[in-house]
Amino acid sequence: GSTEKDTASESTSKAGKPLKVALLIPGNVGDKSFLDSAANGLTKMKDMLGAETKVVEMGMDQTKWEPTMSDISEQNYDVIVTGPWQVEEVLAEVAPRYPKKKYILFDSELDYASGKFGNVASLLYKQNEASFLAGALAAKVTNSDMPLATKSNVIGFVGGMDIPVINDFLVSYIQGAKYVNPNIKVAVSYIGDFVDSAKGKEMALAQYNEKADVIYNVASQAGLGVLEGAKAKKKYVIGTDTDQAEIFKSTDPEKSELILTSILKQIDNSLLLAVKDMDHIKWGAAQSYGLKEGSVGMALNEFFKKNVPEGIRNELAAIQKKIESGEIKVDTGLGMSTDEIDKIKASVRP
Amino acid sequence: MDDHILKLEGITKVYPNGIVANKDVSFSVKVGEIHALMGENGAGKSTLMKMIFGIEKPDEGSIWLNGSQVEIKSPDAAIKLGIGMVHQHFMLVPSLTVTENMILGIEPTKRGFVDVQAAMRMTREIAEKYNLHVDPQAKVADLPVGMKQRIEILKALLRGAKILILDEPTAVLTPQETEELFKQLLLLKENGHTIIFISHKLKEIKDICNRITIMRAGRSVGVYEVDAVSEEDISRLMVGRDVVIKYDKQKNTPGATVLKIDKAGYMNAIGKQMVKGVSFEVREGEIVGIAGVEGNGQRELVDMIAGLSGWNSGEVLLQGQNTKSLSIRQIRELGMAHIPEDRMTFGVAREANIQDNLISNRVFDKRWGSFFLNKKRIKEMAEKSVENYRVKCESSEQIVQMLSGGNIQKVVVARELALSPKLLIADQPTRGIDIGAAEFIHKKLIELRDEGNAILLISADLNEVMELSDRLLVMYGGEVVAEFGEGRQVTEKELGLCMLGLNRTSENIGEQEEQVYGIRTQ
Amino acid sequence: MESERSKVLFEIVRTVVTVAIALLLAFVFILIVSKEPSKALYQFMVGPFLSVRNMGNVIELSIPFIFTGIAACIMFQARQFNMIGEGAFFFGGIMATVVALKITLPMGIHPIVAILMGGIAGAVSGYFIGYCKAKWGANEFVNSLMFNYVLLYAGLYMLINFLRDPKKGQLSSFLIPDSAQLPKIVDGTRIHVGLFIAIIAVILTYLFMYKTKWGYAIRMTGFNAKFVAYSGINVAAAIVISQVAGGFLAGIGGATQILGMHQRFEWSTLTGYGFDGIIVATLARLNPAFVPVAALFLAFLRTGADIMARNSDVPSEVVLIIQAIMIILISASGFMAKWRQRMIARKSKHAEEQGAIAC
Amino acid sequence: MLTFFHLIFNVEFGYAVFRVTTPILFAALAALIASKGGVMNISLEGTMLFSALSGVIVSAYTHSAFLGVLGAMATGILMSLLLAYCALDLKTDIFLTGIALNMLASGGTVFLLYILTNDKGMSGSLKSLVVPNIKLPLIQDIPIIGPIISNHNILTYLSLISVVIVYLLIYKMPIGLKIRAVGENPGAAASVGVNVRKIKYMSLMLSGLFASLGGAFMSMGYVSWFSRDMIAGRGFIGLAAEAMGRGTPLGTFLSSAIFGVANAVSNSLQAMSLPAQFVQMIPYATTIIGLLLYSIQQTNKSIKAKNTKELKQ
């Protein structure tokens, strides 16, 4: 009985009724990472736009995503937000079936050239650009005079799993590090999943024992264990996706002090802007958000300012400018073959 | 009030599968008597006892103890009321030691820990007191059934029951042990204990019991003074017809050798030589009996022949073929069949139905289908067996667990005799079987022999071996220490002495197996 | 003895009562967490029937449950706590993907070969566990639990190095060609030919377990292995056969799931269907014939729960809690046992009296 | 280039083994007690998860790590009571109930967390406490050994002591005798007046107790917060360790330690140029190999005892 509701909502939402937005995520909220960030975007819509929002956790089983998306599409939502890459094929199947609905796909895109997806808009984030900065920062810090740096010239990377999106972070991280120091060594470990934070801690400890001065964690919840390892070893760490120093600021400030910065994809803000500006964004096309647009970047929080020496901060700012201007071209791990990635890893192995 | 210490009135018990095991049974025992309970297999004896001991609950009726009505909810409650029970099937924990089994539930402690020394002492003392010897440190799993039975009896005695229920305690005891037990029971009786005694052996009942209650098909047929009824009366009351105890057994004419054991030896896991260079033969058309006190190597010998274990010296030849490298299936295909002493461990799959249990030793025979099982044929076969062996059951699809002890034994025997085996190893074949059915099985064994098959009979029931054997061997300490001709010619006394190792007919019987037939003890 | 009919009748009555109680409990729970409890419960219980697509979801979901369910039945009937279903399902999916992507075959044959390949992969896994148990007594529970991870990481290695589509952000294989996909059979749903395969597998498994000699050997081994050995049946063979068959079925299940429900291989962890299979098998009392019913029940619970989670304010975690309650209660065989005993006693006695009068 | 030996033979590695082993050892001991009582306690995973959460919550609200651990223990016992009630009184299949309880824990912890913190992922906003590490006097000064075995979490030491406690409990105390009897032959135990139901309840409660300590270690020792599904299979690994240890406390301890070492190796070895998947496979493959070697050796031994006849059954 959802068809009548459909037509009803089409007219009423324009007539001042609150906007209805649904967010469909492949997995569950609570990852302290981009899914949470997207969910936070909806909270912002509710607070700032007075929208009626609903977050639907579609779970890990891919076969359930299609029915969920179809089901939600048949209800009276004005906009359906979903992402990232995992859902793109499901959306490609569902979106054309409901041409009157609007879909915002974050962190992924469809084959817009086909002309079938006029009701979908993509938001793309150049996470690799920000990750490049993380690499540059880490490489600088190890050879700096910062109190916990040993000049070992080794930095670390702890990823959740050996999968493309994680390797996208890795490739640009290494590129950034090599950019400031071609001889830098990067230890790379994968936890094997995104939940085992105890194992994340072990991975971090193993890398710190191998002289890594800074570790970049890209493992959502499991990555929180890396922070724990940093605290145990009194070493530096870089977070991702949410401002991880902020999480522990009140409960565990000692840990926050060690988190140099976090690499952020501001999915929340970009979603808010996109929904607010629905009439102005490009439908049937992708909009890219990089450093320049301010949608990805480092968390320039109090700890960053306090702990990272001004010299390094300035250098990073300069690098950022070069990326924004296109002077530095940042590689992406997406689309790279397994061999290519292995080669990059081998080139910096301690 | 009367002098009845325990009284059951109008007891009806229906098992969850709908079987009415007891129907309006009234039963009572007096203080200081030994009260026999007899009845055919499946008559409902064990069930009735289980209700007294709180294992089962009656659906109707009441239990009175010392004149007041009681509800016995659990064995714990029964024990607290001064009731002890020795169960028909062992209630032992195999991986624990004898001592641990003995003291389970009444552990002596010292500073919160089990006082092992005290426990061993208790075990040793009670064993000595009742002259039932056990090794306190042995693991129960390694013990033969006779030893397990002793532990069961001691367990009940140790808990100091005023009313002691013994459900077929003598089924696997040797005559000497039985005699010893009886002495103790009489002593207990004199001390004011009350004993309920279940047995299928009329002689035993006559020996020690005061009164007898006879059950038939779930009902009580009556209570009698033991002295006032003859053995024939009892069997007639139980079975409903006369039972012949003597068999019409013709002299045999043995043929070719079927089984040849040549200096076979077996060493157990802890390095003890359990069988020491035993040699003998079993030929077509003869029943060779093996008598001996449990634990003298009979079990190991049987396991070797049946393929359940290997051996470390000598040879076992079946139909002229060395069985060492053969699988059990291959050995069975040579014509071996085996009634195992421990029916619950080897003899049946309790949770399977009668049909499934009857087919196991020949399931791969093409008769029952090539890949698919021919269910119809199996059912016919099973129904015939149930009828022939008078297995008391609802149908051949009944789960074996729900049969009474004797009826389970009948299923095993029916299966093993079905193929007219060239060699039958019959280890305690009538254990727990009522006289009517035992008679039937004995006849079957003789029939089998007369058809020219070989039978190796092992039994703790001396009457049985003496009655049936054409030749009789006695095992002691892992060796064959004596060999007699026809079992009927031997006296129980002679046999007893040999079994205890006090008398041997041949020093090196292993070396001279060729010429030993017919040797008699002096 | 009580008749089959009254037994079945009792089971039905008991099931209805337990479901009612489970629902009541679920409702109480929903009442606590939801502002719109009746709507939530409605979505939960009725949601799966509200559209063809939803009903389709239930059936689609039951297919993998059926496969891992019958797999668990066979393995558990031999009383082997073999958890290989989980790994075999995953690896069956991988091997099917290999066939689908690396071998070119005509339309009708391609999926058959792919599925068989998945089955063989599962069977080999089952064989490994079964053989180690039968030959050396290596604990099958530990071995299979560990081997699942070996299969997972071996599968991921293959995926990453040979099958991966580098153009995708997530870890997934190339698109499975149309020739290898299992066709859908009901419009408006994703119900695919795998359903027929599942039904055939159930029938064959049932026949195997209850009508064949090796099925007999496996069941008896589960009851009493010593008895089976003593009877001259090869226990080791029975154990190995049951584990191979279980692995094979789980492998087919994984293959079918990938070819029927996915466009590409996209699992990066174990799927959980192996454990679901154990739930299904236990609910079905290890009888393959009841597996489809149990599988549908579990699929119904899951689908209803999903529908409730997305259409009401009940958080998706609560749904797990409610599922757990339902599963526990439905399997509660002690429930109403006393009442039943009284009923049986009365009836048997009655019958006996009638019989006595008739005589 | 890092070498294998360089990675393995160092003090940090030895230290890590203890830490990695702790939760597995607790789980394995929990599995041991339950299995002595005749139950494969598949719900350990869920029990640990719930305990991990309640340790965090209680310590955050009471500002006491000690009370936090007590809270975790109470939760563990409660979980096993639930399991026991379902299995023993409602007569559910205990295996199935265990699986269901794991589901319940997986959903229930997140739900509870959400109610308390409005966060579905982790408890970062709760100021929970951790159980401290302690330095062992004297021992800590011994070179190499000191740094390896000193300065561990109290719960790590407790896990080692628990091996002895469990041994005494099972083999030296009346309750242990009853548990073993009930686990092996409940009918026999009942026939001598042992209350089978009560003993099963107790063995499961003890099992829950040890599991809960493993859970508490995860959230109050290993890391300092609770996060969704953070036990990540350690309960199951514990079950495996117990089964591999053939039901003895020492065996269980040794096989837990093997798991610990294998995991620590795997964690360290990532730094070498092997495919991640193979390195991640190490703990599991090691276990299988260890299990097989042990089983094969046992079989050979028993074939010898069985008078050279290889049982073809």
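Going in written order, the chains are labelled A, B, C and D, and every chain counts its residues from 1.
Here, a residue touches a chain if its C-beta (ideal position, glycine included) is under 8 Å from a C-beta of that chain, and two chains touch if they have at least 3 such contacts.
Keep in mind that what you see is a predicted model, and the values were worked out from it rather than measured.
**Q** Going by the contact rule set out at the top, which chains touch both subunit B and subunit D?
**A** C
**Q** Counting C-beta pairs in contact, pick out the pair of chains that comes out on top.
**A** Chains C-D share more contact pairs than any other pair.
**Q** In whole angstrom, how far does the Cα centroid of subunit C sit from the Cα centroid of subunit D?
**A** Each chain's C-alpha centroid was found; their separation is 28 Å.
**Q** Whole-Å distance, subunit A centre to subunit C centre, using C-alpha means?
**A** 37
**Q** Counting in whole Å, what is the centre-to-centre distance of subunit A and subunit B, each centre being its mean C-alpha position?
**A** Averaging C-alpha atoms per chain gives centres 75 Å apart.
**Q** Among the residues of subunit A, pick out those that touch two or more other chains and give their numbers.
**A** In subunit A, the residues touching two or more other chains are 28, 162, 193.
**Q** Which residues does subunit D have that touch at least 2 chains other than itself?
**A** Residue numbers touching two or more other chains: 110, 120, 277, 280, 312-313.
**Q** For subunit C, what residues touch not just one other chain but two or more?
**A** As it turns out, subunit C has residues touching two or more other chains at 156, 160-161, 229, 233-234, 316, 337.
**Q** Can you list every touching chain pair?
**A** A-C, A-D, B-C, B-D, C-D
**Q** Where on subunit B is subunit C touching in the complex?
**A** Answer in residue numbers: 12, 14, 16-20, 23, 59-60, 306-308, 327-329, 331-333, 338, 340, 345-352, 356, 359-361, 363-364, 368-369, 371-373, 375, 394-395, 398.
**Q** Where on subunit A is subunit D touching in the complex?
**A** Residue positions touching the partner: 28-32, 36, 162, 187-190, 192-193, 195-199, 201-203, 205-207, 209-210, 221, 224-225, 228, 247-248, 250-252, 345-346, 349-350.
**Q** Write out the stretch or stretches of subunit C touching subunit B in their complex.
**A** Listed in rising order, the residues of subunit C that touch subunit B are 1-2, 207, 211-213, 216-217, 219-220, 223-224, 226-234, 337, 340-342, 344-345, 347-349, 352.
**Q** Can you check the complex and tell me which residues of subunit D touch subunit B?
**A** 168, 172-174, 177-178, 180-181, 184-185, 187-195, 302, 305-313
**Q** Of all residues in subunit C, which touch subunit A in the complex?
**A** Of all residues in subunit C, those touching subunit A are 53-54, 57, 60-61, 156, 160-161, 164, 166-171, 190, 257, 261-263, 266-269, 271-272, 306-307, 309-311, 316.
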